[in-house]
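Several structures are given next for inspection.
Each of the two complexes below includes chain A, the first together with chain B, the second together with chain C.
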Partner chain A sequence: MEQQTTLRTAWGGVIPVELRLAAADAIELLASAVLPEPFQTFYMLVPRVSYLPFAISRIREQWLDPVLALAGGGGGGGGGAPIKDSDVWFEYGGQALRWHYPAGLLYDMLVGGRGGAGELPWALTVHVRRFPADRLIPAPGVQAMRDMFMAMVKEADFIRNGSTKRVMDLAKSDQMQLLDGVQTHSFEKYFAIHAIIAPPHDARAKPKSAQPKAIPVRFYMPAAAAADDAAAAAAAVKDAPDAGARQQQQQQQQQPVVDMARFHVSQLPVPLVRPGASSSSSSSSSSSSEQTTVADAFRLCYEIADGSAFVASCVCLCQGVSVPWETPVAWLAENLFYADCFLHLVVAAASG
Partner chain B sequence: MSDAASSAATAAAAGSAAQPKKVVVRFRATGNAPILKKSVYKISSAQRFQALILFLRKELGYKASEPLFVYVNSAFSPAPDEIVNNLARCFGLDGQLTINYATTPAWG
Partner chain C sequence: MSQSRAAGAAGWEARIQAQLEQREARVAAVAKVIQSYARRAGKVGEFASQSREAEARTREMQGEHERLLDSYERGSGGGGGGRGMSLAQQRIADLERDVEALKEERTEMYRRQGTNAQRLLDLSDQVREKDERLRQQELEIMDAHEALRRAGTKADDMRAQLKEKDEAIQILQDELSALQLEIVHIEARGQKLQAENEDLVRRWLAKMNEEADKVNAVTEELEQIKRKSAALSPRMGLAVFEDDQFFGAPAGTPTPTTAGGVSAARGGSLAPRSAVGKIDGRMEEIHSIALSSSGALLAVGGQTTTVRVFDAETGEGVFALAGCLKGVNHVEFSADGTLLLAASSDHTARIWKLDTGRHWKSLTGHIGSVMTAKFSRDASRVYTYSQDRTIKVWDTQRGLCIKTLFTVSSCHDFDLLDSMGAQLVTAHMDNAVRVWDTATGKRVREAALHKEQVMSVWASPTGERILTNSYDGTLKLVDARTLDVVTVMSAPGYRPSRNWARASLSPDERYAMAGSIDGKLFVWDANSGDLVRTLDIHRSAVCDSLWHPSGMRVYSAEKSRYILMLH
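Let's look at the complex of A and B:
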């Protein structure tokens, strides 16, 4: 019951977004850098677990297409070629947003990780021309996003179970329902199928097979906060007293724009039980001292032996929530996962 | 043998400082895809998956317009921007990452 509430809350998370059309594109389409009132901005709620390409049709139907129709009717502009979904991209602070990342992850990387009160609504620029194929995976769109999403679900399944059997065994209609659930942000549709591919682990239930082998975890850390690499992180640990201060300095230099390309992404299958801990007592709910924590997962991922001081100087964001480092990964994996079944954790310098 | 790194490096340039580590990659043809003369390569672990695809295309002499579907462990297609090191750590077996390729979709 409690878990249902957490799942619903996490699934229900939305980001208010304020969109403006890029000036260069507006000039090209409408011969004016600024759209006519009241079309200058468009507001919408983007679900954290969803993806930007799933928002494009609404942006076009309710905003861009009507503006263009009006302008076209007035005989101005002329606009040239029509807008193609595969040319639509989003920008924040000079950064082209990776369309295949969940919206909540993008926000946590670029806004949440900077600490402070955040930025709401999240002001993004929409581009409909000059797709930056050198920085983004080309040709976004609803179908491309659905394919990319299914590939991620399979990757997660492989980490959890050592094969993609659970996902491959889904009936075509179930797979469609899973995808529709994400695309339309339907809790019921999505979780009916999620329960098949990643059934919640119940320690008291009899088939032990429900327990995954490992948890799909990805850490995202700005290279500055990472001090380039784990080695440097380990070095920072040595002179622990001023590590925190240094972090803050770096953070200040880094403000306000976090470069997406500078994020270090580290992925590892994280075991449920801490490596080295005896798993003999795993029959019951394993004692808390044996469960892998977020801090353990971080150390495993970055191959740091200790790193407790470094960890203490950072925060870990999961679904926009700053989670304590001692949170068991198993609990996160059953409550704060993204729709692709991954735990996407953003590590950022703690704001002072 | 290890020129995979330099030849396909343009698309890579991952966010992190380049790690000197190499990953052993074994390419396996599926269906009627052509077989490589040499199937095992060492590839820089800091590369993106995209660089590995470009390298494979070059070795096969495939143009960008010709379809090529690339999978890990006969199971799934990683996103082009995933880092090879992450894939090797998650899906490698005995220090080797198995990449399957096909000219038609093979594993959904």
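Let's look at the complex of A and C:
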């Protein structure tokens, strides 16, 4: 089915990541700023729908520990205290990455699809000391991540159905399966449970009660790209050269970086049917004029007047894909959802 | 659906699809490289971990080695050479120590086992004791239950018995009340009967009196008639005789006054020779005759209820005294001649007044036929002997029985020994003669004088002699005081008749006379006992014979109807 393939393709998306150890930490651990030759960089593929903390153990086992073992050996308790998972944090362009965001979201936010070439692989820096507790939610770890994830799922369920019944009624094994599916990036595992929580619905066939009441959507807009500053943001973005080579991207990195702290995050439940539309039965809501589009949602969220051209000046990213504004939210919810059942949509100024 | 979708999706969906593919395409190449890199990195990680483990193990082994060395050095007291050997010795020493320790432990274990076994035995003993006690208690409980059950059943039985007793009591009480009711009824009836009885007795007495009155009335009438007839035919006298023929009399004309063939010495009384007259007793069977003391009247009593009184000279009937209900057994005049006493088979003795011929008194009280009745001399007392074996003494005036004597054995006859009747002499069927004291009722004397029943007893007027007549054919004259036999008289062919036979003495006590069953009349000399005369003049048995108080005449009555006057 085209839906399934779209889903699978969307789910299967990965981000190649290049990791380097922070210099300070390297000095601390290995008494040298630079790691031994083959271990200077570590490459891995992080699924878009997954989370960074799930990757920490792999980073540790396959890179950091061997490095330390080789370089440090048995010589005098190498590098002080052992590395704790809760001390590991990632940094991109000087910004600590919020570990509770999906990786794909982080990539879209910071690198941005921008209609083409993003930065591949995505160069991140790994820190193992001095966790910035003031900027990040402290103590990342697999268990903490799992809890965070489940919280998001429940929230999504609530918005969808008005109660968290579906999630709460999941058997423990099912919950584990869901989490394992996310952790191990197994589509089958995950989707089997996801179908229970958020059954894919046929707008015409299913009774109205089975339809979700609303779709949980989050819009991420750089603060600079607020309605009253849209042009400046657009200009700032526009200055960047077109998507293409890595170097260009790196150049872009030097330029005003999208400040994470200055993102405007707003969440809203988006009704399936455009408010104000006739309240005819669901079977007739197949017409796209009835269904809420992303544009409608965006306008709804930021209270932009219908006639504003601002919408057209922005681009909406989801899963690295620039989503046309007239896409129905319902379709998006069923195909391009993140692992936590939310639609995380990054709105950025169009790059032209 | 898909068509509409396709139509609408021409825009966004297609674009999205395209972008996804682009994204994938971009990532693909790099992804491949990184994937192979990742594999190598994985391997590296494995190796690193393995090497880490190996290092750790070697370090551990080194540590142990050093430890062993240290311990050996300590154990063997710092010996330098022969480290290899000393190591083994060290090991041996260690093992030996272990063995020692283990041996100690083992002994300890054995000891503990022993104590535990002991304790086990004690506990099992206690358990057994407790079981024993428990069993005993259970038995006791069962016994108690049994006793309880038995007591319960006994109580039930008792209760049942009690109930029965109560019911019985109830029944008895009911019966009692019923019986009491009956008693009341019966008492009432008894009283009623008593009242009736008294009433009946009164009525009977009244009736008797009535009858006596009636009899008196009748006799009065008869008197009147007689007087009338006497007035009509004076001194016809002999018309009374019915026929001229006398029964087998050898000689003698029927002259009332003179007797033919007077023989022998008279001296006061005569032995009769021949019949001079005949009186019709007017009854079928004569039982007894009596003469008044004046000799004027002759009373005859017999089978009929009427006592007839005749003129002794003429033979005319003077009275026909009624009153008896049955036959008369004995008649007697009172000494003054005013009263006539008759002993009757109707259990009474009756007294008539001879001046009027009226029934005067009836003496009731005997419960058997009155056989003999005698007046006392002054006629104030009457003595009756009845077949109920009693002699009753009556007050003549009042007509009440004063005394009753029990003679025990049946008598044929009795007589008074003295004028007042203080002593009586009785002639018994048991061949004896007895003398009684009237006042005390006790037997004074008795004597078995005869061989057979004593038929009659006759006391002499003086009271000194008693003449007894017995069925054995003898007459005995005995002394009254001692009952010694003075004279015995008998005669061949003399046999007294069975029921009525009286022997009598002449007034001067010279002769004794008795009649026999075959009609002969015998006269004996009382002193000598010789048979003086035999008169065969009666047709039937002679039942009674008397001397006229003058002694000149004898009256003898034969059973069938006739009385003969004899000179």
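Throughout what follows, the second predicted complex is superposed on the first by the 306 of 352 C-alpha atoms of A that agree within 3 Å, B and C clash if a C-alpha of one lies under 4 Å from a C-alpha of the other, contacts with A are read in each partner's own complex, and residues count from 1 in each chain.
In this section, contacts are C-beta pairs under 8 Å (C-beta built on N, C-alpha and C of every residue); 3 or more make two chains touch, one makes a residue touch a chain.
These figures come from a predicted structure and were not determined experimentally.
Student: Mind working out whether A:M150 is in touch with chain B, chain C, both or neither, as first, second, both or neither?
Tutor: It touches chain B, and chain C stays clear.
Student: Examine A:Q267 and indicate which partner it touches, taking first as chain B and second as chain C; both and neither are also allowed.
Tutor: In the superposed model, A:Q267 contacts chain B only, not chain C.
Student: Looking at the overlay, does A:A10 come into contact with chain B only (first), chain C only (second), both, or neither?
Tutor: Second partner only.
Student: A:S186 in the overlay: touching chain B, chain C, both, or neither? Say first, second, both or neither.
Tutor: Once the two structures are laid over each other on A, A:S186 reaches no partner at all.
Student: Between chain B (first) and chain C (second), which, if any, makes contact with A:Q95: first, second, both or neither?
Tutor: neither
Student: A:S86 contacts which: chain B (first), chain C (second), both, neither?
Tutor: neither
Student: As a test of reading the superposition: which chain, chain B or chain C, is in touch with more residues of chain A?
Tutor: Counting contacted residues of chain A, the larger count belongs to C.
Student: State the interface residues of chain B toward chain A in the complex, per the touch definition above.
Tutor: Per the touch definition, chain B meets chain A at residues 15-17, 19, 72-73, 75-83, 86-87, 89-91, 107-108.
Student: Flag every residue of chain A that touches chain C in the complex, lowest number first.
Tutor: Chain A reaches chain C through residues 2, 6, 9-10, 12-16, 42-45, 61-63, 65-66, 69-70, 73-74, 113, 116-118, 120-121, 202, 204, 286, 288, 319-328, 331, 335-336.
Student: Taking the complex as given, what residues does chain A use to touch chain B?
Tutor: It is residues 98, 100, 137, 148, 150-152, 154-155, 158-159, 163-164, 168, 218, 223, 226, 228-229, 261-269 of chain A that touch chain B.
Student: Spell out the residues on chain C that touch chain A in their complex, using ranges where they run on.
Tutor: So the residues of chain C touching chain A come out as 1-2, 4, 8, 11-13, 15-17, 19-24, 26-27, 30-31, 33-35, 37-38, 41-42, 44-45, 47-49, 51-52, 55, 59.
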